[in-house]
Every structure is written in C-alpha cells, then in structure tokens.
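Let me begin by presenting the structure, written as structure tokens, before commenting on it.
Chain IDs A, B, C and D follow the sequence of writing; residue 1 opens each chain.
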Amino acid sequence: MTATPTAPPGWDAESLVDRFTEVRAHTESLAAPLSPEDQTVQSMPDVSPTKWHRAHVTWFFETFVLAEHERDFAPFQDQYWFLFNSYYETLGARYSRADRGFITRPGAHDVGVYRRQVDDRMRDLVTTLGRTDQGSLDKLSATIELGFHHEQQHQELLLMDIKHVLSRNPLQPVYAGTASARCEPDDLGWVEVEGGLVEVGHRGDGFSFDNELPRHRQWLEPYRIADRLVTNGEWRAFMEDGGYRRHELWLSDGWAKVNAEQWRAPFYWSEHDGVWLEHTLNGTAPVNPGLPVSHVSFYEAEAFATWAGKRLPSEAEWEHAVVSDGQGGAAGGTPHGGGVVNLADTTTYHPTAATPHEQSTPRLRQVYGDCWEWTSSAYHPYPGFHPPEGAIGEYNGKFMSNQMVLRGGCALTPPGHARATYRNFFPHASRWALSGVRLADGGAPRPSDSDLESP
Amino acid sequence: MTATPTAPPGWDAESLVDRFTEVRAHTESLAAPLSPEDQTVQSMPDVSPTKWHRAHVTWFFETFVLAEHERDFAPFQDQYWFLFNSYYETLGARYSRADRGFITRPGAHDVGVYRRQVDDRMRDLVTTLGRTDQGSLDKLSATIELGFHHEQQHQELLLMDIKHVLSRNPLQPVYAGTASARCEPDDLGWVEVEGGLVEVGHRGDGFSFDNELPRHRQWLEPYRIADRLVTNGEWRAFMEDGGYRRHELWLSDGWAKVNAEQWRAPFYWSEHDGVWLEHTLNGTAPVNPGLPVSHVSFYEAEAFATWAGKRLPSEAEWEHAVVSDGQGGAAGGTPHGGGVVNLADTTTYHPTAATPHEQSTPRLRQVYGDCWEWTSSAYHPYPGFHPPEGAIGEYNGKFMSNQMVLRGGCALTPPGHARATYRNFFPHASRWALSGVRLADGGAPRPSDSDLESP
Amino acid sequence: MTATPTAPPGWDAESLVDRFTEVRAHTESLAAPLSPEDQTVQSMPDVSPTKWHRAHVTWFFETFVLAEHERDFAPFQDQYWFLFNSYYETLGARYSRADRGFITRPGAHDVGVYRRQVDDRMRDLVTTLGRTDQGSLDKLSATIELGFHHEQQHQELLLMDIKHVLSRNPLQPVYAGTASARCEPDDLGWVEVEGGLVEVGHRGDGFSFDNELPRHRQWLEPYRIADRLVTNGEWRAFMEDGGYRRHELWLSDGWAKVNAEQWRAPFYWSEHDGVWLEHTLNGTAPVNPGLPVSHVSFYEAEAFATWAGKRLPSEAEWEHAVVSDGQGGAAGGTPHGGGVVNLADTTTYHPTAATPHEQSTPRLRQVYGDCWEWTSSAYHPYPGFHPPEGAIGEYNGKFMSNQMVLRGGCALTPPGHARATYRNFFPHASRWALSGVRLADGGAPRPSDSDLESP
Amino acid sequence: MTATPTAPPGWDAESLVDRFTEVRAHTESLAAPLSPEDQTVQSMPDVSPTKWHRAHVTWFFETFVLAEHERDFAPFQDQYWFLFNSYYETLGARYSRADRGFITRPGAHDVGVYRRQVDDRMRDLVTTLGRTDQGSLDKLSATIELGFHHEQQHQELLLMDIKHVLSRNPLQPVYAGTASARCEPDDLGWVEVEGGLVEVGHRGDGFSFDNELPRHRQWLEPYRIADRLVTNGEWRAFMEDGGYRRHELWLSDGWAKVNAEQWRAPFYWSEHDGVWLEHTLNGTAPVNPGLPVSHVSFYEAEAFATWAGKRLPSEAEWEHAVVSDGQGGAAGGTPHGGGVVNLADTTTYHPTAATPHEQSTPRLRQVYGDCWEWTSSAYHPYPGFHPPEGAIGEYNGKFMSNQMVLRGGCALTPPGHARATYRNFFPHASRWALSGVRLADGGAPRPSDSDLESP
C-alpha cells in the first residue's frame, strides 16, 4: 500500500527495532498523565477511549505482522481481535464503534500488559529475521513502517479525543502544559503563486500513505495564499459582524447545522459573563486573540472566507504553494521553513502565534503544526489511484466520500508525521479535530482564456 | 415525608451513628470488587456508574443533613453539587443524566475521599447533637433514616447497573459468587384469598416511604395467587409455544416493542449453538430451568400470564395475600415466612429455586428477595397522598405516571430494606431491573353482584 | 364482545336498515364540507385522512359482516383490505399507519363509490335475512350494531383529525359554524358525593363496548367533584402564575414534555402581538375566557389540578357521581340532566359555556359533550375482563397500557354515542383530542380508618 | 446571474410572450393526468406535491418579475409568498419543506386560478414594456428567461416526485404511456479521448446557469468512456455476483447505507415470487434487461464501476468527451448526435434502449436524455465562481457541498433544457432522481510523468 516494489524502505533490523521502540514509547508517554478512568471514557461516537487507542495500535502489529509472520502464532487474547479492530470488514465482525466506552476490561493496566507482550514479540521477530532472512524482513518492514505511521495517527487522535473527554467535565481538568501569554494578531501577508501545469502527490521515495499517490499533473491559474492562519481575534470580528447569524455567508448545509446545533462560536469556546473562554489541554482560559482559531468546521471556515471576501485554497494550491516556497522538505523528512514548527513535541499541545515576518517578501508561516488547514477540495482519489488488495486496502480508499481534505498538521501531530503531500480528511461539520483556516485568493481564469470554442 | 409527627423514629445518637456506619460500609463493600474503570462506565441512560452511586448517596447526606444543620457548612467541592444531584429540580441545574459516564474525575479513589470526609462530619454532627440537643436530633434523625433507605435503594441499583455494564463486555467478567447447580421447577401451588374490604398501605409505625401512605380501604373479590415465582423452565415452554411471535398474547405497545427491539427471550439470555445462556453477576452459564425467570419486562410478564390463562396480581391483592399469609412482618422489620429469603446478604446475587413445600396447604414462597414481582397496578398515588414540601417532596410523587408497581424485593435488595407495603416501580418495557413474575387468578365479580341499579 | 347471549339487541330488519342508513349518512355529511385535497392529508401519525376514515368504517362492515355472511362474497377491491385495515393483526398485513396520507388513490370520489356499493349489499343482506332467517339476523345484528358504534367513534375522530389538518394551514380555513360570543366563567360549584361500596361498569342491558364490563364493586371514600369544566379564563390564570414554568406542579414525565416540546399553552393556542388566539373548526379567534379549556394533555390537566390545590377524579368517582346525580340515563340511551348537552348535533363543533345554575344545590353540568374529561385512572381492564375470541377481540383489550381514561364525551361526539359508563382513553401527552378538565377533591381515608392491623 | 452584460438575451416582447406561454402550458399538461389528491401528497421530504410545483414556479415570476416591475403591484394572496417560497432565505420566513404535503388549500383548482392570473399579468407587463421601454425589457428578459429554465427544472422534478408518490400506492397507478418491449443489452463500446489542457464550462453565448461559469482550463490525461449507459441486464449480473453483499466494492458511507436501508436492488425494483419488477410511470412490469439501469445512487454507481473494474468519469471528462464527439451542440440549443434523444417529449417517460452502433468507431450514445449520469466529481464552484447579489444568488452556490455532479439529462427532462455544460447535482445516497451510470477508464498519469522534483 505504501512503498512500491522499486522503492524498498531500506530498514535494517536494528534501526527498525529502535524506531519501533521510540514510536511505542511515545504513545505511552501521552497516556501517562491520564487516570484509568480518563482512559476508559468515550464522550461521543467520534471519540475513542485512550486505552482503546493504546490497544488498537497494538492489535495492528499483532494482526498484520505477528499473525502473518510469527511461527506458531497465537493471539494474546481471542476477544481482543474483536474488541480492537477499528473498521476492517475483511477481518470479520468487530465491536460497535459507538460502544467502545462501555468496555471496562481490559483496564488501562491490562492494556499495558498487552502492549509489552506484543512489543517483545515484535522485537524478537524483527531481530531474528534480521539475522536469518533479510529478504523477508525487507518485505515485512513496509508493513511495520505503516504501523509506525498508523500509531502516529492514533497518537494525534488520542490527544484530540481526550481533549473532548475532559471538556465534558465541569471540574475542567488540565491534561498538561500552560496557556500562552495573551498576544495580538500579527499582520497577514500574501504569497503570490504563478501556477500553471503543476505536479501534486507524493513522488514515491520514502514513506507515504496510498492516498498521496499517484503523483499527477494539474492546471492552476495564478493565485495567492495567506502567509499565516486566521486568528482568534479575526474570528471575533467575524462573530461580532453577525457571522453566525447571516445566512448569506453560509453553504445551505452549513446554515442548517448552525441552526440545528446552535453554533455561535468555535467548538471549545463558551461565554461566561460576557467573556469568551476556550477549553484547551492546558485548561480553560480567556480566548487569546493572537493565536490561530481552532476547532472550526469546514462550514465555518468557508463562511469566514466568504465574509472576508476570500476563499479556501484547493489542496493542489496548498501543496504547490508550500513546495514553491521551499518548504516541501525531503520526502519523508521533517519540513523546514522560516518559522517555528509547532507539532506535539512541545508541551503547549495548542496552536501558538505566528512568528513575525523576517523578510519583506512574505513566506509561508505555520505550514506544519498549529492547526490542520481546511481546503476547498473534496477527499477523492487521485487519478489512477488503486487501493492495495486485502484488509490493508481498507486503510484509506473507502473513506473517499463526504469528507474534505485538510493539509499541514497540527499542534497534536507527532514530529516526523507531517509532510507537504499528506492528506488528512474530516466530514464538513467536524469540529473536534484541531482544525483551522488559511485563506486564499485569485485563481480565476483570465477573461482572455475563454476565446476557445464553447460547447 | 416519612415518619409522622406522632411517630418519632426514636433514635439515640449512638445507634444512629452505628447504623450510619453499617449502611455506608455496605455500599463500599459492594464496590470493592470493581476496578476504577468498572466504576466509571454508563452503559445506557438508565444505568449510573458505580462511583456516581457512591458519590450521590453521599451528596444526599451532605445536602439534606450537613448543609442544613452543620455550623459553618461549606461543601466538599462546589461542582459536586452539580454533578451528583440526581433529579431534584428544586436544587437547581444538574449534570445531564445520560452523560454521567463522561465524567472521569473525580475518580473512584477521589469519591472514596469524599465519602470519608462526609462520614466523619456526619458522625461528628450526630454525636454532638446527641450530647447537646436531643430535640434537634429527633427532628434530624427522620432525614438521616431516609438517607439510610435512600442509600439502600442505590445499593440495589448499583448491582443492577454493574450487571448491565459487565454484560456489554465480550470478555464476560464475573462480579462475584458462583452459579446455582442445575435444578428443575418445583410444583406450583395456589393460595386462596378471601378478599372483601381490606386495608392496604403502611400503618405508620416504623419507617416507610411516602408513597406507601396513607393506609386506606379497598374492595377485593375472592382470588388466588401462586405460591412461587414463574421459572425459567416455564418460560422456555412459553418461548417454544411461540410466545414471542404470537401477537394475540401481547398488549399493543408490548407487541411494538417485541418487534422494534427484536425481543425473543429475557433480557440477559442469548442463544449460542442452540443453547440458551444467561448472563449473571456470577458469570455466563446455561439457563437453569428451576430458577425464577428474571429480567423480564411488564409486557413480557403480562403476555406470559395471558398465555398461561392467568393474570398478574394487583398490588393490593399482592399485599393483602402476603399479610393474610402471616408474612407481613413487623413494621420496618425483616420479613419472616416459610422459606429462605434470598436478599443481597447471600453471595449468589441471583434468584434461587423455591424451597419445597413444607405443608399440604400452600404458603407463599419467595415473597421477599429473588425477583421484584410485576403487578397489574399502575404506579399512582394512594387516595389522599400528598408529597412533603420542598426538595424532598420530589422523592416519589413526581414519578407517578407511566410506570407499573413491583412488589417484594430481589436478590440484590439489601437486608432490612424489604417490607409488605414497599412499592417499587419501573416503566412497562424495563428489563434491566431484576424483575420476575408471580401469577394470580380469580378476582372477577360474581354474576349475582350485578343485580343493582345500572347506569 | 358486546351483547351477552341473554341480552339480544332485539333489532328487526327494518329498524336495523334504518339505523344503518342514518349512521352511514351522518359520516358523509361530516365529510361534505371537505375538498378531495382536505380528505387526503395526514398531518401527523395520530391523524388519519378523512377518506381513510370513510373507507375504513366501510371495510369494517365488509370484513366482519359481508365476508362472513354474504353468499358468494367477493371483496370490492382486493387491495382495499390491505389499505383500510386499521390494526387487526389477526387479519394479516396492513398498510403502515403513519403512511396513510401517501395514498392518493382511491380518491375521495372512489371512496364514495365503495361506500355506496357496500351500503347496498348490507341492506340487501339484512333485508333478505329478515325475510328468511331471523335467527341468523339476531346473531348478526350484534356485529352490525358494533359497526354503528365503531363508525360513530370514527365520526368523532374524523372531526378531531381534520381540525389538526386545517390547523397546519396558514390560510386558516374554516370547517363550519361560527365562534361563540365572548363570555366570562360562571361560578364553579362542588357536588358532594358520599361514596362507600359502589358499583361501576355497564349493567349489560343495551349496547356497550367490552371495556365497560364486567360491572363490579369498588370502595370510595367521600369526595366532591366540580359541577362544571375548567375554563379558558382559569387556564389563563394558571399560565400567568407560571404554570408552564414551575416544575413542582408537574409529573416528571410531563415536565420533560413541557421542555422538549416547548409547551406554554393549550395545543391550539398561539400568541400574536400579545393576544392569545385559538384555532377551532369555526376558524381562528381570540381565546374566549368563559368556554371550557380544551386540547390539554393529561399532564397539563394534572398540573393544573395541583396548582389549584385539587386533583382529577378517578373514573369510578366520575361515574358514580354522574349516576348519583341522576344523569346515568337509560342504558344505551341519551343522557339527560339539568343543562344543555353539547354533542356534535349542534353546529358549533366546539365546547360552549356552562349553563347557569338553576338551583341552590349544585348539579353536575357539562357531563356529556363539550370536552372529554381526563381522570386519574390508568386504562386497565376491569376485574374479570376477557376480550372475545378472534379479530374482534383486538377492539379494546390490547390497548390497556400507557393510557389514561377520559369520561363524558365532547362537542365532536355523535349524539347517541355518550353514556355514563363509556371509557375513552388516550396517552398521557395527547393533545389533539378534544379533552378538558373537571376537578375533584376529598376522597382521602379518615384518620380513624387506620386502626386496623398494619403489615 | 446568467447572461453577462455583454451578452443580452436578445428577446423581443412577442417571442418572449410566446415562449412564456409555451413553457407554462407544458407544466399544466404534465399535471393534467393527476387528480387533486395526487397533486396534494408529499411522500417523503425530498418530494414536493404537484400543486406545490405548479404554484412555486408561478411564485417565482410573481416575486422576481411582477413584484419588481409591475406598477401598483399587489400579491395574489399574501400567504402564498410564505407557502410557495422554496428556499430563499433573503425573502424571509417560509413554510417548512417537509410539511408541504400538509397544505390542502389552495387546492389544485385554486392553484390553476393563481397561475392564470399571474400569466395574464406577465403577458401584459411584457407586451406593454415591448411597446414602451425596450431597454427595461432587455434587462427584465434575463430574469424571465431564468424563470423559463427554472420552470423546466420543476417540470422534471414534478415527474420524479409524482413517480415516487404513485410508487407508495399498492394499487400501482399508471401515470401515462406504456412500457417498452423486452430487449437485450447491446454491445458496449469505448470512445477514446486524448485529453490534455482542455476547457470546461459554458462559453457565455446563450443561456446557462451561473454554476456552469466561468469557463476554465483543466488538465486531463488520456482516458476512455463508454458509448452507452449501463443496462438493467448488467446490473442483474452485479446483483447475482453479490454486488450488494460484498463490502469491498463499496465506499464506507455507501456500505453503511446498504446495511441501514437494506438496499439490494435499484430504488424502484421489488422481487415477487423470484421475479424482479420495476415501478415506472407506465406502471409496474418485469425489469427489462436491455434498458439503462435507473434510480441508483452515487454509492451504487461507484460500487458497480468498482465491480466492473472501471470507474465513473469526472465531470470534465464527461463534458470534454461529449464536445470532442461533436455533440456539444450550439450553446443553448438542442443537442445533436448519432442516436435518438429520449427526453420528456416522448410518452415513455422512461429510459429506452441504446440505438445500435451505426459505424465501426464508437460514438457516444444516450448522451442527453434517458438517465442523468453520475460523475466522480463533487459539486463545487468552478475557479472564479461568484454568485450574483441578492435572493437570486441563492439559486445554486449555496448547495455546493455534500453533493455529486450528474451530467446529460433524462427521460423526464423537458426538451430544450439539456446541454453539454449543464451541471445537475444530488446527494450521494439519492435514488429517487432518474439517475444512471456511464463507465470510464484510463486517465491515470503515465509513469514517465513522475520524473519531476517531488516534495
């Protein structure tokens, strides 16, 4: 599903074991501040309990690696296969997603036991193969590497999910960290992009998910794109200008949501005595005007852009702008760029303000980290996309309807997990993900373009 | 609400403290086998988490005793008042019932801290008053005694609720105890009752809930009542005779439920490879034919009675039969009778088989304990019923619609909590309570009764 | 189900044909003011289209009389049996109740053709039997008489239903008649009733539904009952005193409805520019304070009574009071009494004000007609009730859960269809029926009653 | 919204009045076979009653033409503005869409009166302006022309909707016409298309909707497209191969629908005694294998394509293929092509079989008419799209989320209403529209394309 036969990951056993240990330990470190009770609860169907995440990523290695390759394989516990399958129809019946919060046992401690046993068996398998059968290890390492990225996706979800769980609690518990000092929005600049016949999608050297392939050509008219994310302060202006009350700013389905769910601010904002507060993983505090707005749906992002006289970028525009700006990065590597990258390796677990401009010509800021950025693109397959055979083929392709693409990464994304071609996706009305807004403009065909024969 | 002014409870401080300590300890002993995760989950809106029960009964003493009588009262934690109010509208906003399972903190351990602090303060208050102000203590002891019975109700609910929580788990955890040995149903006998102008309701000496009052007269035609509960074996016969497929046996609303929820057996039964299994607090085992059927709704009880050519007793018939049979007991005391009383002081936590007849004339068996028994009576106020003023007036009266009365007690009822006049109640379709069936017959007016003037 | 073997209806063929013609013509006269479109619509699941009522009552005669007794019977149209069966499970599959408004054909005209053909065949059958086989006619006439009363029930429902259909229309169409002149509430008096061991239920001479049987004894403590219905003016006082905002007045389920459905006035009231208007079959006009309040649910009736410091009568109290007041009437006959009886033979199709007192001792007013009166009694079987065998046994018995009894009749009840023992019933939250409130008081046991042995 | 200032429609008063008369008469001719009852019913929220369509298109002219331009304008009936506004938020409150079937008055006849009055006033206005103020008429004619196309859209919807209404009726009424004779599928051929940098969208000469603009460039890799629609016979093969039971063929959301709604065949198919029948406007008859499959959702179309090893075309591919094949037609004119065009000017009101190939190189058949063809394109704005100001701006833009584009036209589309650039759209799960499937293949980037620098 990921690396093509001509592009082997090139892992040796030792580096594979090291990376495995590193990824697995990061998950446990994220769960460490949470009590057994915290790890058990599912506060809405989209959310999964922390201990479910910890077990499910373990099940992935057990199912797709150990069960396929371990001699005399036996599952750790038969029922775990049923409990911790997320959505793989090919693998048979599974426990209802909406009911994950009803499972009290295995408890948080038992899940730790499960993890450690699978970890030991994984390390044994890889080490043994490294000594005896490098050919098999080469084939296997693609699946194990997918397991790393899979676990990283769940590391991000674990944080988004526990944020929601804690938000339901009137005691307002803190997960970690402290809130940024109050700051004001920095000037917004625009990056001009020429467009033309450009390429998008992953080139194939280094890891990518299947949905980033195949790399293909696309035509873009000249456009421009904001050099930073929309801020809370700008969002307040939208609200004060009747943003949530003016139907003409909204898509019809979005307007129905505004009314049905009484949206009047971003997801985690609440008004108390005239002050807008925001629930974060650092606790609840007054909304900070200089920080990027977060936890807004596609509908809200789109309405905001309409209000601002702008629009959202397409995913091709986003990707091409980032690459043109020199922030494409080495394939599979960490992005570089002008500013600070705010991923989940800091302890804020929350978007931070854009670093000031360093030169007169705007460069893109906040590209990776801070907030996933809504695009105007539906999540559809790239031309020529074909999912792989078998259960692993269910990883991405079957979700390609009714969702919109987000790009970049967020403050909950593990380091090493963001890249220019990465396609994240959520339904139009989703708000519990750490999503924000970058504006775009231009891109219309020039009048002279229409001189050709018309149908 | 409970004791009338002319019938003071007559508690001295020491016995009050002793009973308090005893009741409170019993709750903790019931929670002891449960992990923090077990204590957190709400598996459906009717169910409350174990730690919520432990906290709510504590809140009851804090709110109705300490807050009213303690000098310089301050709540243990402001938000606990919001979190652990069950349904008292008079006391202001409260946390949504269906969302009790979303609260991870306070955890099971924190609730223990809360309990111990309130316990200490309660004992201090009572001991001090006992030394200084017996008059105030006399008044207060009625509320404290209500708190005992309130906590006992939640002890029973805690067990019913955790039974449901554990039932959702494919790992089939055991709470405690072991299943009874397989046995066959014993012969069913009938107790004949004369009826006439009888009295029902509590006499007022000793504790009762307000819904057992006032004692009043009611006319009963001669009837008879089964000397034991309907068994699983008899229920199997009903099922095999198409009980769940024959519309003519069912009330219209019940038939709608059968079809909408696909009922085809009691709540905790499931069929695997042709064998019917039952989930219990002792684990999952084949259905035992000699045990009382349990976890059936009013609709099922009523349909079974129709199938059997019998009917359910009215609550007046039930109460009068029990008293006539000499099992009325001393007011507030423990019932006596021919057989074993299976309340929650055994370790089965499940109904047991009726003990064999000891004499030729049938006496009522399984009156208290085993299963709450559905009656044909809607849960309505007795003539002249008036709830007390204030928040405590919400205890019973406001629930007097859309529910049916159950009588007797069950294997999860704490000892000392059952009596002949006790009115339990659940909606017609409820199945998660430990409810069973006792049949009745007769009770129709004799033809010669109709000779009077007709409208 | 109706007449017992010892009480034959005693119809001869000619009088049976005459009554048949009369009942059938009345249905058509009620439908006459309605367009084909009016007759087609189902504005909510509880409501049936006019042409469905017209066809269903015809289907009743076709199914239970012609199909059973006509030589060489063939149905008018096969699919009509499927379309116009209301709820008889015994008779097989039927068209979904909630979808009755989706059936455009047969149209209103076609239903008329169906009615006329069945009418002709019914008259032929009865006339022929009258000449050839009086024995068979005697047996058949009980079913035909049931058909008369069945059609009368649907005449009442037809009017309740079309009232709801027209209420959905912003054009505010008028069905018929004109509104009463504004008037003020008359003084409310109380009728004292002794009680004791009384009889309730139908005596068996003349027609009754099976749910009025068997006549049986019941004990009543002394009570009193209001001599007229609660008025709109009194209801306004309840509203202005916070009636719909004070939880302590409501049953818990009722309070949930108030909040979920935003009840703040009776069903057909709406506020425009500070004036309360009421939708009626005579059009929409300001609420008339002297008229009985109508279209209130049981929950509202009960809350009003609590607010007034009174209660609702039980159905036994209601029936016994009416009989004691000399308004029981001859069995099956039309009631008599002091005041005007406002049934559907006037052209108001709406409750009217109580006629003034004529003597110093209050007599019951507005007993029959005006509004069906909620009682405090759940709709349960009388002791010894057994429904008849076969499809006709589904007429009443299976609905005996989750409903409350109403007594008396209303302004939409056909003349000849009301009697003292008649038991109407609706769910607690129903408001589209023409239901109102009569208060009661007393009925509590006297203190000295409790001297007997207590359980 | 439609014609640009530089491209006036060029209508004179007489031709405008003639076309107006023609369009309006066609609506009435479509309603003519329907009874008042047929015209009243709304069988599901997506469906509108026939008389609502007739009134709404009249309201459009009254609101956007008469109210704006008629001297001393007064509405025909105040409440009609409320009742017959479809979704224009700018114009204020409107009657709930899902409740359109509850409005019995105005009846079908009254709507005819409304139509005739507005028609007369429209003709007077246009004729007068033609004589006195050609400048104003030039401006007005763009709105009137939009009204023509708006009414044509509702002519199509009227037929789709009444098809659904009649389908709910067990009497299986026929709207018109007779079913095609049974035939077998014709060979399917493939049309090769070169692609490259192509233009899509309307050129701007002649009428188009705003969503067809602006015309813009897009890059297409070489692809091929089927020369006819998928047939019922081919769909049967899909069903028999487990099409509706194999999760791996489906998008995740589609698979959820299959299970939730128990899809196992196209919308109007039903199985009786092993024979598959299809409900059509011509009545119900066995499924004809040679006809195009119709009334399938996007999910089904996509699953079928996956099963066939093919895919759906994008909307750009569809449009470019049609233009390349010489079937683009003059802007605004009627399409031409090799085969018969089956629009709503025939009396089948149902798709017909593809006409046989006439030459060795496949040409596209069934391009316009028969079935709307699902594409793989989400319904999004074209680059540079801006809706016009005011209420008319709500026509298209606000619906651009959660829907997929369909192209071509169908057997219910009025003649003169189809063109190559026309973008129809429905939600992914919609099945009541007359939608079918055309397959595509190829379009993937060639390996050598990926030689460029990768991010």
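The definition used in the following text is that contacts are C-beta pairs under 8 Å (C-beta built on N, C-alpha and C of every residue); 3 or more make two chains touch, one makes a residue touch a chain.
Values in this document were obtained by computation on a predicted structure and should not be read as measured data.
Among the remaining chains, not one touches subunit C and also subunit D. Taking each chain's centre as the average of its CA atoms, subunit B and subunit D sit 61 Å apart.
One finds 37 Å separating the Cα centroids of subunit B and subunit C. Per-chain Cα centroids separate subunit A from subunit B by 49 Å.
Looking at subunit A, one finds that none of its residues touch two or more other chains. Judged by the touch criterion defined above, the protein chains form a single closed ring in which each chain touches exactly two others. Taken together, the subunit B residues at the contact with subunit A in this complex read 35-41, 43, 51, 77, 79, 82-83, 95, 99, 101-108, 165-166, 168-171, 173. Considering their complex, residues 87, 89-90, 197, 199, 202-205, 214-219, 221, 247-248, 250-255, 298-299, 302, 319, 322-323, 328-329, 331, 376, 378, 380, 383-384, 393-394, 398-402, 419-421, 428, 443-445, 449-450, 452-455 of subunit B touch subunit C.
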